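Lettered A, B, C and D in written order, each chain numbered from 1.
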Amino acid sequence: MFESFPFVSVVHILVVLVAPPLLPGVINRVKAIFAGRRGQPLLQTYYDIVKLIRKESVLSETTTWVFLFGPVAAVSTGLLAALLVPLGNASAPLSFEGDLILLAYALALGRFFTMAAALDTGSAFEGMGAAREATYACLAEPALFLGLIAIARLTGGLSLDGMLGPALLHGWSVAAESLLLVLISWFVVLLVENCRIPFDDPNTHLELTMIHEVMVLDHSGPAFGMVLYGASLKLFVFSALVVRLAFPVRTGSEPLDWIVVLAGTIGVAVGVGVIESTLARLRLTSIPALLTGAGVLSLFGMILALVH
Amino acid sequence: MIVWLILAPLAAAAIAMAIPSNRFRPWILPAAASVQLALVARLVPHGDPRLFNRWLAVDPLSRPFLAIVGVVFFLCSLYAPSYLRIRAERPNRVLCACLLLFLAAMNLVALAHHLGLMWVAAETMTLVTIPSIYFNHNPRSLEAAWKTLVLGSVGIAMALLGSFFLAYAMLEGGSASTLLIDELVERPHTLSLPWLRAAFVLLVVGYGTKMGLAPMHTWKPDAYGEAPGMAGALLAGGMTSCAFLCVLRFVHIARIADDADYASRILLFFGLLSMATAAVYMAKQKDIKRCLAYSSVEHMGMLVFGLGIGGGAVAGALLHVIHNAVCKTGMFLAAGNIHRAYGSKSTDAVRGVLRRLPASGGLLLVGFFAITGSPLFGPFVSESMIVGGAFASGQLAAGLAFLALMLIVFLGMGNTLIHCALGPEPESANATRFRDRIPMVAPVAICMLLTFALGIHTPEFLRDWIDGAVAFLASGPAVP
Amino acid sequence: MTSHALILTSGLIAMASGFPALVLPRSNAVQALTSLILLAGNAAGAFAVRGWWMEGPTPPLAFPSPFDGLSVGIAIDGVSAAFLVPVLLVTSLASIYGLGYWRQSEHPENGVRVGLFLGLLSGAMTVIVTARDGLMFLAGWETMAVAAFFLVAAEDHIRETRMAAWLYLAASHLATLCAFGTFLLLYAINGTYEFVPIRETGTAASTALVLLALVGFGTKAGIMPLHVWLPSAHAQAPSHVSAVMSGLLIKMGIYGLVRVAMLVPDMPAEWGLFVLAIGTVSAILGVAFAVGQHDIKRLLAYHSIENIGIIVMGLGLALVGRSVGNPVWTLLGISGAILHVWNHALFKSLLFLGAGSVIHGAGTREIDRLGGLGKRMPVTATCFLIGAVAICGLPPLNGFVSELLIYIGLFRVATGADASTASVAALAAPGLALVGALAVACFVKVHGIVFLGAPRTPEAAKAHESSFVMLGPMAALAACCVVIGVVPLAVAPILDVAAAAFTGGVAGPASLAESAPLAAISGVAGLFAGFLAAGALFLGVRGVGRAPRSLTWDCGYAAPSARMQYTSSSFAETLVHLFSWALRPETHRPAIKALFPDDAHFESHVRDTVLEKALFPLTRGVLWLFSWARYLQAGNLQASLMYILAVILFLLLWR
Amino acid sequence: MVPGIVDPCMVLVLTLNFHILGTPRLRSLIFVVGLHGALLGFLYPVAHQGFHAEFHGGPAALGALIRLGLLTAAIVGIKGLLIPNVMHRAVRLADIRPTLSSVIGFTPSVLLGGIGTGAAFLFASRLPLREGHEHHLLVPASLATVLAGFLVLVTRREALGQVLGYIVMENGIFVFGLLLIDAMPVLVELGVVLDLFVGVFVMIIIVNHVSRAFPEASTEHLRTLRE
């Protein structure tokens, strides 16, 4: 019954629309457990978004339309990216040769406008956040692409469907070490792209040290709600990518495949939560070194894939 | 008939000596030049039977050179009256007479069909240029005249010794000794190789001194720098070309004697050395005219380089004689105008030429682009034939070296000229009231137009001349 | 009139466009006439291209050459047409823009000169891309080079401009001589200057030919480390000239490379990989240098180096594909390269025109002295934003399409080739990703600091929007960026034809529409537009646009001043630091000695490393060596005589 | 076939070379250079074998005899008398210092001249010479004289000294010309002499100017035009 394309797509779209805000809740719950607290409800992010949408907003005097375009672009690109990543057994709603590049560039577009919106306020802090976001993205991007090349080389596919599908299973069987390196690297990329510890502490109270949170300081009301939603979408996309890379197995039962992927993303969120609870934030100056390390891991992974 | 090419300027020189008015005397120059042009137009296309026991003749090799001498002298003579009008403070009797004698001597070099006569003419050419270099009668021009005279005379002495060696090579080779070109070409000769080679070295050094090949070039920047722009133009356009004709004659003989490879080696050596020397001394050159002088050294190097390469490059070298002469003449005249307008030829004072002298400055820039080998201009055509000849004959390294040296020369020359041309005018006190005026810009413009026209299209007759000259250079007695 | 004759006429009209103004009185009307003639010429060119498209290949137009028995020719082929389109479009728009930006009444000294040489430059480029032989090509090439020199030197009363113009000219002559050498070698090998492929490769002559072409055309194109002339020339030229130079002139270098690649069909694959590698390096370093700039035009100039690098990557990919006989790689590479030529011509001209508008309105090129211009110059800001998004290669604009083609090609090589070939592509693709991310950083910086936030200086606060003649061309270019980005299939046919011309019909590649997801891009763009509209509608419904206004939140400090905003230098600081091994940033720190220091001053610059650390020292060294040679000619007659003696003795003894 | 008197004369020429190289006194130098020229002028008819043939040939040779005599007189007159006289006048009128100076000193000049002469002999011995020329001193003496003239040109600081060096060099070339008298048409010979005359004459005019512009007439002053 999942064979018919539109239905799968509808499921995919529904999952993409609904599931993402769950992940921050999971992370926070894990952190609370580690801290010995009860913590927020799992669905706190949903409540926050709903509340924000109903609130009035205040805008800075310096801003222009670009400021409001930032959240819109972030959500739109996040949705676009989410439609490109295969989740269940069937292909993603949007799938074509080279869609992996669209994925990366769509997210970059979202980043572009998020940063532009930050600069639109004229605040030194938000500018600082934008600068950091831009800088770390420069280091994360090659790591992502090196991984993509390794996977493409092992699977021979040029669309995410092909690359993260059963062919990858074969890849794991012949070059597991390569894919393992890529997996680690991508997990680091996930952390930095979503501004998690050790790169950024979403809960910090000092604007000077923030990255993502400081960029959205001036947003309020519905726009801020979109920002939160966009951020969770991005986390969801990366989690799904990592899950599909780590677990390309097909169970044969299609509902089970969906459950596996969703459970996997929650598992990733748990992992992020564990890391946030056990690691400290890095000094800003040593972040590039860690990211470069991730890039080198991916590079090794790619070289292994090449010589294989 | 062709003897008039020599007699007419001599007569004009006599008249110039006789005319008392400093103001009207210079007009004898354009008159003589017109006669020259008419004679050239009349004689050159047909050639003329040998005269005086075949000592004088218009042969395929001399045709382009007679034409160059005519054109260059004509353009300079157009410039001369206005120039001398400005320089009314200096008597010009000797200058006018000497320029006309110079014309006669250049014609004689081109016409001489006897190596000894050619040598005499070349020596005369040196001597009569001295007064024009000394025209300004100041210590600097005196120094320049002295150096030119001594170096020129030493060079010409070496050429004489070389001619003797050549004659001895014939004696030693057992053939009847002759310096008549016709006999050399017609009859087979066996020449003694060591003497021939020594002769060739001495002759190239000797006439190369007149051409201004490095390392015999040292007189050139001094003379060109201190002489009036017009005289510099005549030296660079006329005399050096005639000296190249002399070298051509000996290369012809070396080919006849079947020793072309040795000659090529010597010529390539001088060619590349001259270009390199020019490149070195043009860097950071602060004097416009000296810069042009080194450019002349460079182009003389190109000529012998092309000759040394052989093949299609020879035609290129012959064509380049014409292109270089025309373009260089215009540049020297333009530089003369700039010198007049700024009272200086140093880049320290000469700034913003395009603002003060838009026509002269612009034309000088055109000349600069042309002479450095920009496509669209004559020199490009000939240079491409030279380098193309080098590549076609497999001399890849020589061709690439040629291109590299062209680049360095461009950088050096451009650094001097471009920075003079651009920028605001200086507020120096020594600015003169001279500005562009039609009689002194028109000859420059004609030169540049000719250069441009020659770059777009090589006229049929010129092509014939070059082909004829190349064929003549390849001609010789049948090998027994 | 055949289309070949028409295109030549078009070039000649363009070249002649500035000459009437030389004799007419100097006025804005005459300047408009100059533009009008240029437009007429370009319109003729457009008709010629259209005619060629309709009638298909016809024999070239031939003329006698200045050389013996040779003829030179003009013709349009697929590659020519692909380069002609941007040439005709961008020169026209730049000329119109110039009417507002460089008004004769505001620039009485050089208005005519700029018009004259802009026309020459335009016509010369038309000639270059349609020349069918080395001589015609070189004629156009030199006209272009010299015209551009005078354009760069338009404001020659400024010292920096003179230096920039001279540096440009020097580099340009290197390029000309190399091109000269290339075609002479072609002549030596083929016996003709006509563009006939060389059949034997691997000889010294053919190797030299390719190397000379790479250096010469690479210099013109501005491939790192041959780019030294590019930043200062682009910065000092009038902005519409910069637009033409960056958009078109440097592409002539690319055209030369493509043409020479077509002349040497049997290149080994290693050369293609080499080209791919230098393209990647050029792209990465170009954008890295761009990040560190705080002069908006210098910054854009370094982005030209980056984009040229991307184009060269595409070319390298095509060469690899051609060598190994894979038509799809070839197709993706060459069409990616050519489409990026178009795209770069469009968005980079747009950005330079935008920068010109900023300079015109606010009077400075220093990014850090601007700010908040988006409110006072909304159209300029929007157009610039479109250009910025496009140049970063972000969807749904045109830059994404060409980069996508190259990416897919690289991924195909990385997945399909043997390990050694694949490794180059496998490093190039992440390199391109790095370039993209850096470009995003850089253009967020430029757009954010210049147009967003609050004005940093009174001049910026008083900036005015430009006139319609300046905004119109920008809007047109922005529209082109959007159209190509959203409907790439529209340009696929001409890219197919260009690719077929590139391969010379050998193993004619499949069509681009089949080899790349061009239709999908349109679909995605539509979807994305829907998302954006929905989001905007949502915010609109919620009345966010009419929300009350307040101060920017600044951590409780309620008196933010415009000077407290982040600057471009601070924005780029970390990235500059990361690339300091190449950028060698220069900082001037205040020396703080007392407890309460006086006013302090801090500056940082990213100068051109190749120029400052390699070329200038090299030049100084060479000049130092040359200065020793001056002792040989210290005016001493005896010494001169000795040289004569020495050379005679040397030659007599030299066997 | 070269008459026997030529070789002793060549020895004399070589000796004079050394004197020219070694003397700092201007007057003596002018005199010796004149002597040098005159000596060669006298050798001219001696070396002219063609003339001997014609002379024994009969009365038709009378014209040739007159021509030869005039030419000899011209050479001797110009080189031996006119040029020294003009130079002496120049020295007197321009008040030129009566001693010369050398860049490298006079003893090294002579030494170098000696080395040069040796080299000339060596070089000449390796050149193929025509039958009858092998054992004669003409070729080495010519080369040695050219070298000596060059040495004077290169080492003397004073302008007049350089003029004299130039004349010596020309004389050396003339010596070589003696080998070729038969082969060379008279016109060229005349050209040699005339050019020598005109060249030196112009040089002397310039020297006069130089000495007026720069006292001492030393070329050390002529060094403003330089790189």
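Quick notes on this structure:
Keep this in mind: contacts are C-beta pairs under 8 Å (C-beta built on N, C-alpha and C of every residue); 3 or more make two chains touch, one makes a residue touch a chain.
It should be emphasised that the depicted structure is a prediction, and the values quoted were computed from it without experimental measurement.
Take chain C out of the picture and the remaining chains divide, by touching, into A | B, D.
Per-pair tallies of C-beta contacts place A-C first.
A centroid comparison over C-alpha atoms places A as the chain most distant from chain D. Chain centres here are Cα averages; for chain B and chain C they lie 43 Å apart.
Measuring from the averaged C-alpha position of chain A to that of chain C gives a distance of 35 Å. Remark: chain A and chain B have CA centroids separated by 77 Å (rounded to whole angstrom).
We define each chain's centre as the mean of its Cα atoms; on that basis chain A and chain D are separated by 99 Å.
Touching two or more other chains at once are residues 150, 153, 162, 219, 222-225, 227 of chain D. Residues of chain C in contact with two or more other chains: 630, 633, 635, 637, 641, 652. Checking each pair of chains for touch leaves A-C, B-C, B-D, C-D.
Across the interface of their complex, chain A is touched by residues 371-372, 374-375, 381, 385, 389, 392-395, 400, 403-404, 407-408, 411-412, 414-416, 419, 422-423, 426, 429-434, 436-438, 440-441, 443-445, 447-449, 452-454, 516-517, 520, 523-524, 527-528, 531-532, 535-536, 538-539, 542, 544-545, 547-555, 560, 562, 564-566, 570-575, 578 of chain C. Within the complex formed with chain C, the residues of chain B that make contact are 143, 146-147, 150-151, 154-155, 158, 198, 201-202, 205, 209, 215-216, 218-219, 222, 266, 269, 280-281, 283-284, 354, 369, 372-376, 380-381, 384-385, 387-388, 391-392, 396, 399-400, 403, 406-407, 410-411, 414-415, 418-419, 422-424, 454-458, 463. Of all residues in chain B, those touching chain D in their complex are 116-117, 119-120, 123-124, 127, 130, 134, 139-140, 142-147, 149-150, 153-154, 156-157, 160-161, 164-165, 167-168, 170-172, 176-179, 192, 194-195, 198, 221-222, 225-226, 281.
Residues 64, 66-68, 135, 138-139, 141-143, 146, 153, 156-157, 159, 162, 165-166, 169-170, 173-174, 176-178, 180-181, 184-185, 187-188, 204-205, 208, 622-623, 626-627, 629-630, 633, 635, 637, 639-641, 643-644, 646-648, 651-652 of chain C touch chain B in their complex. Partner chain C is touched in their complex by these residues of chain D: 103, 123, 150, 153-157, 162, 219, 222-227.
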